[in-house]
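Each of the two complexes below includes chain A, the first together with chain B, the second together with chain C.
And then the complex of A and B:
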């Protein structure tokens, strides 16, 4: 058991972390908006935590707060992501479908170049030696676990609330929703900002987990990986992001004994999943119920 | 308070009982580099070099008669992958030491794990500032480029004494290139040259029109490039195509035969700073090159030689432990063996590697005496070429 925990503890935490990132993509998808911006906010949140955790000027603050500096980092990341998310969301969400996706990819690229050129973010090497709240990486379950439970509870309530139904109405038919008097832009921005805020907090939690933070965390590749969680898992259910992340993150690790052919098998599984489960893994369960 | 409670609760759950575990036979040494993802080109060269080391040292009788076995784990290109690979080597493969990971950024994520598990790590290719400072169990055999970069500049000046104006280009998203370019820029100032143009690019770029136009506009008579093989290859190619005729000095990223297919005949004449040259006249290097060429049908790159040297460092540390304690490694407890290996690594022993004579200081930083400056010479047809030591 100890061996198992030591071997797969980090993997388990990574699954929770990536599932949360998947959920941050699911939020705008509830209102039918395909956004890849989450990874940019994840990167932003990570930088907030990394700078707050290592900058010499903030040392007195860290000493005074002790462990509570971590919740403070999350709050600062949350505030920063919410503000930047709203500022980005209003102009970007006037675009539809593929153009919105492209605009959010552009945001991720621009953000990456900006941080590379900010001395405080450490350039290409990034920031390292970020203080650890826990000795063991499995203990980060206490960060990501409660956040995941809270997020799922929030989504569960949201889906049944008026706001959630307004989101779904836009997803099903934006024109019809607008004609029924739904303030389409405001709702879309709301869903988008919720996703950005979540991604920011996940980033702030992840910087200590990785012990280092750099511009490579917020690349286009990472954005596509998050999108894959939602698509493979099922984009019409909150469980989709969870299942997708669990499958895609654990598969390469569980296939490790296969050495170099593991990535081939990993790819084969993904292709088969796309062909035979167009509604994702979660879609499989939904159909059975119906 | 919460923190205390949580850590106590978790340490109870996770308390690793200090079981006496013997070292396996053959002695397992971990190699965690990137054999997949966009940095796999480097990782593959490292795997090749390490495999030659395994065969070479086992042919010598391994560690005083006990053979070694390399256990390879792919880190892929990201930080999480490096952590998982290290975890697997430490808990499942029960290695006495680890060679890896490929990138400095990955090292910052994965090395603390090995350090807290008290497993020695020898970095074959991490050149960023602060790597040996991660912990007592972390050392490296890859020299930061502070010594070698000025040498290639001096060589360029000696060949073209008229140089006054320099254009500097670097890949701003690559950790190695950004630290190397600051060394270059420092050296340019010390040599009383003037930087007339400073251009940035990304390692993923393919079109360098903007940068090339700026360089040509500045009328520079020397161009200094810090980047990786593919992007720098394209950059050099476009510089030449747009009419730049002067000399080009490349950083260590251009020190790769992977450049040749990219810039072809236009690679000709680039001066490159190297931490390793296959032509180095050392017995161990000649044997390494012979074995490498027999297996892979090409001459070894710097990444391969460094991986060889990293494995060598661990093997020689194992030998030293056996000599000092007069006990077989395989008769030792795994945890004790790991600690003894680390102590031997940091004892300042001199290693005769293909890179030349190197030693590790007590902090784990490498001391490398010899560096090289080579010129790229392309064969007729422009498909193949070689790095020729500049006299």
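And then the complex of A and C:
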């Protein structure tokens, strides 16, 4: 058992972390908005935590707070992501469908270039030697686990509330939602900002886990990986992001015995899933229920 | 008495094509007002402008004395203008009940955190929205299907659900875009009765687009006729029915006048 945990502990923590990023895409999707901005906010949150954890000027603060510096990092990342998310959301959400996706990818790229050129973010090398609260990587379950539970509880409540129904009405028919009095722009921004805020906190939790943070944390590839969780898992259900992340993060490990051909099979699984499960894995369960 | 809805000098151009030209009319409180005209006459364009989905090129619309210029569709809906769509636009994957709850939540400006934490104010509003939705769904006869997804309903039920959803806005004016499309004679009669019942019960003013002339003549106190974007007649149903311009629009005349050719081509493009 110990051996198993030592080998797969990091994998398990990664699944939780990636599932949270998948959920940060699901939030705007509740209101029908396909945004790939999450990874940029993940990067932002990571930089906030990395700077707060390593900047010499903040040493007295760290000494005074001890372990509580971590929750403070999350809160600062949350605030920064919320503000930047709202500032980005209002102009970006005038765009629809694929254009919004493209604009948010552009944001991720621009953000990457900006931090690369900010001295405080450490340039191309980034920030390293970020203090770690735990000695063992599996222990980060105490960061990501409660956040995942809280996020799922939040979504469970949201989906059953008036705001959740307003989000869904926009996803179903934006024009009809407007004609029924729904303030479409404000609600889309709301859903978008929630996703940004979540991604920011996940980033702040991830910086200590990875020990270093640099511009490679917020790349286009990573954005597409998050999109894949939602597509494979199911974009119309909160469980989709969870299932998708679990499958896609563990698939390369499960296929390890195949050695070099495993990445081919990995790709085949993704393509087949897109063709035969347009509603994702969660969609299969939903159909059975109906 | 001031009119509930008044339209002045309303025009809409799509490029060089005039979809509507200088339309004026008023609708009095409690009236069932019929809007008729051949396909492509501009009826739905007019509805879209009344509800803010499309901006007039010129002209103004007043609802209860309030100018609607520059207001968003959502703001106009919340002021009391509700509609149904010619090509039914429900929230397909949502349940019948949830479809009817949406306008209520929009009016309440449902609070995100209130809903998530279940504050007492939020819970009270949720309960009121649910009670109203139950009542409306029962009223349109969909009580047995209230948890079914809207997209799974048969055509006629979807039309009735759309009316229930519009009523959830507690509107002053209800715009019905071809509510009787695809219905047989008996169903049309039922629908006429239903429209009168809801008008009385909710104190509505109803504006109705309909192709079926007998139905409009039986139901409406005033009628306006559009043809090629122009209001060619308005008044009591009997007078309008006897109007030569209306007869010409619906049946055509033997000697097509050269002067109308240009307009006719424009109307044809609009149709397509």
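Here, the second predicted complex is superposed on the first by the 290 of 290 C-alpha atoms of A that agree within 3 Å, B and C clash if a C-alpha of one lies under 4 Å from a C-alpha of the other, contacts with A are read in each partner's own complex, and residues count from 1 in each chain.
Here is the rule we go by: contacts are C-beta pairs under 8 Å (C-beta built on N, C-alpha and C of every residue); 3 or more make two chains touch, one makes a residue touch a chain.
The structure displayed is predicted, hence computed values, not measured ones.
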Specify the partner with more touching residues on chain A, choosing between chain B and chain C. B
After the superposition on A, what does A:158 contact: first (chain B), second (chain C), both or neither? second
Touching partner for A:75 - first (chain B), second (chain C), both, neither: neither
Looking at A:126 after the superposition, I want to know if it touches chain B, chain C, both of them or none. Which is it: first, second, both, neither? first
Could you say whether A:224 touches chain B, chain C, both of them, or neither, answering first, second, both or neither? neither
Looking at A:183 after the superposition, I want to know if it touches chain B, chain C, both of them or none. Which is it: first, second, both, neither? second
First (chain B), second (chain C), both or neither touched by A:2: first
Looking at the overlay, what does A:59 touch: chain B (first), chain C (second), both, or neither? neither
Please name which positions on chain A make contact with chain B in the complex. 2-3, 5-7, 9-11, 14, 66-67, 112-113, 116-117, 123-126, 128-129, 132-139, 142, 210-212, 214-217, 252-253, 256, 259-260, 262-263
Taking the touch rule as given, give the residues of chain B at its contact with chain A in the complex, in rising order. 2-3, 6-7, 10-11, 13-17, 35-36, 72-74, 76, 78-81, 83-84, 87-88, 91-92, 104-105, 108-109, 112-113, 116, 128-130, 134, 171-175, 177-179, 202
Touching chain C in the complex: which residues of chain A? 154, 157-158, 161-166, 168-169, 172-173, 175-184, 190, 236, 290
So in the complex, which bits of chain C are touching chain A? 51, 53, 72-74, 77-78, 82-83, 85, 89-94, 98, 101-112, 115-118, 122, 125-126, 129, 149, 165-166, 168-169
